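Letters A, B, C and D name the chains as they come in the text, with residue numbers starting at 1 for each one.
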Amino acid sequence: MNTIGKILTLTTFGESHGPAMGGVLDGMPAGVDIDLDELQCFVDRRRTGQTTGSSSRSEQDRVEVLSGIWQGKTLGTPIGFLVRNTDARSDDYEEIARCFRPNHADYTWQAKYVVRDPRGGGRASARETVARVVAGGIAIQALERLGITVQATVCRCGGTEPGDSAAVLERVMADGDTLGGIIACAVHGVPAGLGEPLFGKLHAQLAAAMMSIPSVHGFEYGDGFDMADRRGSEVLDLFEKREDGTIGTVTNHSGGIQGGISNGQEITMRIAFKPVPTLMRPVPSIDSEGNPVTLQPRGRHDVCVLQRALPIVEAMAALVILDNYLIKKTNVL
Amino acid sequence: MNTIGKILTLTTFGESHGPAMGGVLDGMPAGVDIDLDELQCFVDRRRTGQTTGSSSRSEQDRVEVLSGIWQGKTLGTPIGFLVRNTDARSDDYEEIARCFRPNHADYTWQAKYVVRDPRGGGRASARETVARVVAGGIAIQALERLGITVQATVCRCGGTEPGDSAAVLERVMADGDTLGGIIACAVHGVPAGLGEPLFGKLHAQLAAAMMSIPSVHGFEYGDGFDMADRRGSEVLDLFEKREDGTIGTVTNHSGGIQGGISNGQEITMRIAFKPVPTLMRPVPSIDSEGNPVTLQPRGRHDVCVLQRALPIVEAMAALVILDNYLIKKTNVL
Amino acid sequence: MNTIGKILTLTTFGESHGPAMGGVLDGMPAGVDIDLDELQCFVDRRRTGQTTGSSSRSEQDRVEVLSGIWQGKTLGTPIGFLVRNTDARSDDYEEIARCFRPNHADYTWQAKYVVRDPRGGGRASARETVARVVAGGIAIQALERLGITVQATVCRCGGTEPGDSAAVLERVMADGDTLGGIIACAVHGVPAGLGEPLFGKLHAQLAAAMMSIPSVHGFEYGDGFDMADRRGSEVLDLFEKREDGTIGTVTNHSGGIQGGISNGQEITMRIAFKPVPTLMRPVPSIDSEGNPVTLQPRGRHDVCVLQRALPIVEAMAALVILDNYLIKKTNVL
Amino acid sequence: MNTIGKILTLTTFGESHGPAMGGVLDGMPAGVDIDLDELQCFVDRRRTGQTTGSSSRSEQDRVEVLSGIWQGKTLGTPIGFLVRNTDARSDDYEEIARCFRPNHADYTWQAKYVVRDPRGGGRASARETVARVVAGGIAIQALERLGITVQATVCRCGGTEPGDSAAVLERVMADGDTLGGIIACAVHGVPAGLGEPLFGKLHAQLAAAMMSIPSVHGFEYGDGFDMADRRGSEVLDLFEKREDGTIGTVTNHSGGIQGGISNGQEITMRIAFKPVPTLMRPVPSIDSEGNPVTLQPRGRHDVCVLQRALPIVEAMAALVILDNYLIKKTNVL
């Protein structure tokens, strides 16, 4: 279950302090132009050390494409790729080999697999998302050729609007504490008819993709949770025939999806991130025998992941949309 | 894509006004006692006409099990089942064969498949959920044998607490309008270690399952969207060793899931439903040529679906939990 | 794992002496004309009692389509269907509830599931194939609209050419014995480019589909096993440009598939069936405690299944080809 | 569709003359001891230049494990791995960029994807199988811990018994021609109860896995095609209670599988390989415009692949058996 998608599938691998993170993007159509420099720029947006509050772990994150792209074009074959882990400092993590950090995956991972790689959280580390960004970056380039664009923005950070968050961030860092927030994501240019009507509703696929990003605790599309408090008459997206002869809706409470299928309007969603679980101050916990321990702040961690999470959100959205674009082709003979 | 699950899979079929709704539940372990009367009682909870504000369409919804259960026990073979459609009145729906109802799937379905069965919304009708409730009811019985129980409750309706919603419902019905709301769902007794760490995070699977229910616009688990406004120190679920020697957490902001894997605490989630899209008053829309039309209230529809949706939510939760219980068995040789 | 296919998936259910056999064919493109009478005729070709040597169990095998086809056209939604079991005589099978029949699935099924439905072999009965024939019959109609036809023929029966097999069959029946044989299957009109190059090679998918038919023990395509004894120069299918400008091959040792992908030539394959395992004479065996028993001839069984297997082979071929036809659509943007 | 397996899945990537071949083996249980030196030895069995008649392309094929194994044990996480391509000489292949070689995948690949990487046959090259051997080698080590062993042997080569094939091989090489043959594979120690009864019959999965190996044209298990000529009474595998109290069969015409499920006897199968398609003499063909060309012998190719194919066959068998061993765990609660 390290794979997502139906026609366009992404399988990822890699532990935080192993030799490399990587993945295989299978099912990409053949003949699509891919600009590898542009891809690297996209991946760079996820790197640390670029914004206040991000981890000081310094990874170059050079994307190494191993297959599936030749002479600047996709071959239709699986695109294997790697990003090496170069700045791993495993000695930082000896303590967590025998302790469970609160709100981390140490305890649950142990319960599931009996063994675990504790170095940097192993595969549970958010470093795993670099592989998603590589694959999503490729999908984004394919979508652009179809006139479809994806854009994620921070819409709430530490309980305030993004404009006020710098002050909050500073205060929180001083306290050795951390922040969460909300990212909004919009997809423009999606034609009507994408998404599967039952279990594969477009928003169900988007929800699963976004909820698979570390730290995400909530997902909504269109007016989302607010819609639960509205009357039906308040949120009807009435149809209109436009001057160019196309059919659209006057409002977009539905977030571009009705009955699980895109309706041609902008697709909108919001994703809630919990605050980073690793504090920069001592935290009480237990070891694997249940003895009380105090965890001292170690390792290099983000105070707030929202900026770095933007390309991850865009990547996941792009993978889902492109997959459904391909599935739609099979709906008629 | 009318299938959900990995080991335990549910495939459903059926149009609202066709001969029957049905499904195949495959991957159920062999030798599990199933009480078909108890199953029928569970399915009956979803029926209409039992609460104020529900549709007057009257279906008996008798479950007909066709395979996979013999002498009260599962055989390990696929469980095929049917629920006949007996009270379909297709003449109610002639108008929508050429018009698009706002906030319904008429337009998007047409865009996807070119043809559609307009009678009662065809397969886009919420009647489709009866098959999920049958399958989920079987999964619930299997989970009970493992000490795992699922319970959904209405926690918000029409913008108020459920206690105040009767008055609201009456006013809304008088206006020919409709309501949405929020359902909370809790799963007790889930052992630690369930869920797949990457794309198959337990909450990602639950999100996809819940978002696949018609009208759902939002999903959160644990403290959900509220968590985005908290500091890290405020939401740490500190570990404790309990008197019985087990390890638990003092609080449960995480909703029983950490790193995508259950931690043995109660799993909690909330699901937001938009208001019912069919109003009992005239609604402006367009036909398939884009000409303006006025849709008159027809058919039999719910004003509020929350009570009927409770067993659907429980069914989806049960299917996901049981599937992951089975997957966990494969984590060691 | 009662499902086959990727885009076009068939899930089947049903025990031999349960209420019904059935299935769900999902992923059929929308808008395809389906003639239900023609479908019934195709299913009738599999019925018993039509040729010498077939079982006297008399089932009407009326196909009941429950969804997915409306006004003679597919809707793009899952096609649920049933065939009732009407002539089940379960008292014939009490003995095998505690004994294991040689070359049947009684013993292995017990080892896998601990419980089993012994009536008529339960789900291991070849009666299960009726659901495949229904689904395959629908796929065949879709393929015909694309100019693709499938034809299976008996090419060997009881160690002789089909022309001589009547005499052999009579002698074998007199001895209470049974026969096997080989079926050849050809698919005409398949365009070049179908099949997935790695694990989903077109012939690998065909092999899996054919080997999933009860009693099948071997599969080959093109020159098959004979090819192993040839030199490379003897089996080269040289290319030629034809008068109509298309490219074809002079010979077809490759059976229409090269590198796992169709090359536009006729696809040819051969499928070996073992002799029917149920003899019409006493057979020594053991019961579930390992005590020796003698099984007396009971039930109604075929002496030779080849004629009845023809539509099953055609059905499986059609499902595979149509699925790959749909997959091919996703190979380009 | 570069993925095989259900619980234990292998996804491979890589073009013959790209930077590397690789794969991801997902679903391996945690805590299994893996000896990487032993793994390298297994992979070395597939290398060229070790037997008469094999290609002179010299690859070191060093396995680089990137994730999923730590401190000599599997982690339960995906095992990503690479084998670099170091001896690629792409200038050998310029001709085939515009020509189609008979019995190769050049033409069909072009028909499917429009673009292709012609260097060394791209992804259609048998070099792709190195990734299968790495993954299969890991599965073999896990199976050994369960007492299950896999062994493949050449049972026919160039139309003769393997003992006589050296003379044949020499004659064929002198003619610039090539050979095919048959490999037998046996799996010892498989417990009864593995395999899925319908579409996932154990032999159907094995057939698909073996037919996915380049050049394979036929598959049979047990007595295979010979069984088609036998009477039922001749091939009954009668049960016996053995001295140790277990139940076995006196003969094994069924090849260890009945009803698609293992019965505890040795699993036997035979796989037919066509002769290598690349001759070491001029071959007439056409270019992409249909003009006649003569292909001169180039590149480095095997005359007979059977010896090198042995570990590939063992790898595929091991992957299928281990996957079904894991699936069986889910058959009971």
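In this section, contacts are C-beta pairs under 8 Å (C-beta built on N, C-alpha and C of every residue); 3 or more make two chains touch, one makes a residue touch a chain.
All values reported here derive from a predicted model rather than from experimental measurement.
In summary, the chains found to touch both chain C and chain D are A, B. The chain with its C-alpha centre at the largest distance from the centre of chain D is B.
Spacing of chain A relative to chain B, judged by their CA centroids, is 25 angstrom. In this assembly, the C-alpha centroid of chain A lies 44 Å from the C-alpha centroid of chain C. Measuring from the averaged C-alpha position of chain A to that of chain D gives a distance of 37 Å.
Shared interface positions of chain D, i.e. residues touching 2 or more other chains, are given as 1-3, 12, 27, 30-31, 76-77, 112-114, 123, 197, 327, 331-332. Chain A makes touch with chain D in their complex at residues 1-3, 9, 11-15, 18-24, 26-27, 30-31, 64, 66-68, 70, 73, 75-80, 82, 112-117, 122-123.
Note for the complex: chain A touches chain B at residues 1-4, 6, 12, 100, 102-105, 107-109, 111-114, 123-124, 128, 156, 158-159, 172, 175, 177-182, 191-201, 203-205, 207-209, 211-212, 214, 217-225, 227-241, 245, 247, 249, 253-255, 257-264, 272-279, 281, 283-286, 290-291, 327-328, 331-332. Residues of chain C touching chain A in their complex: 7, 27, 29-32, 76-77, 142, 145-146, 197, 326-327, 329-333.
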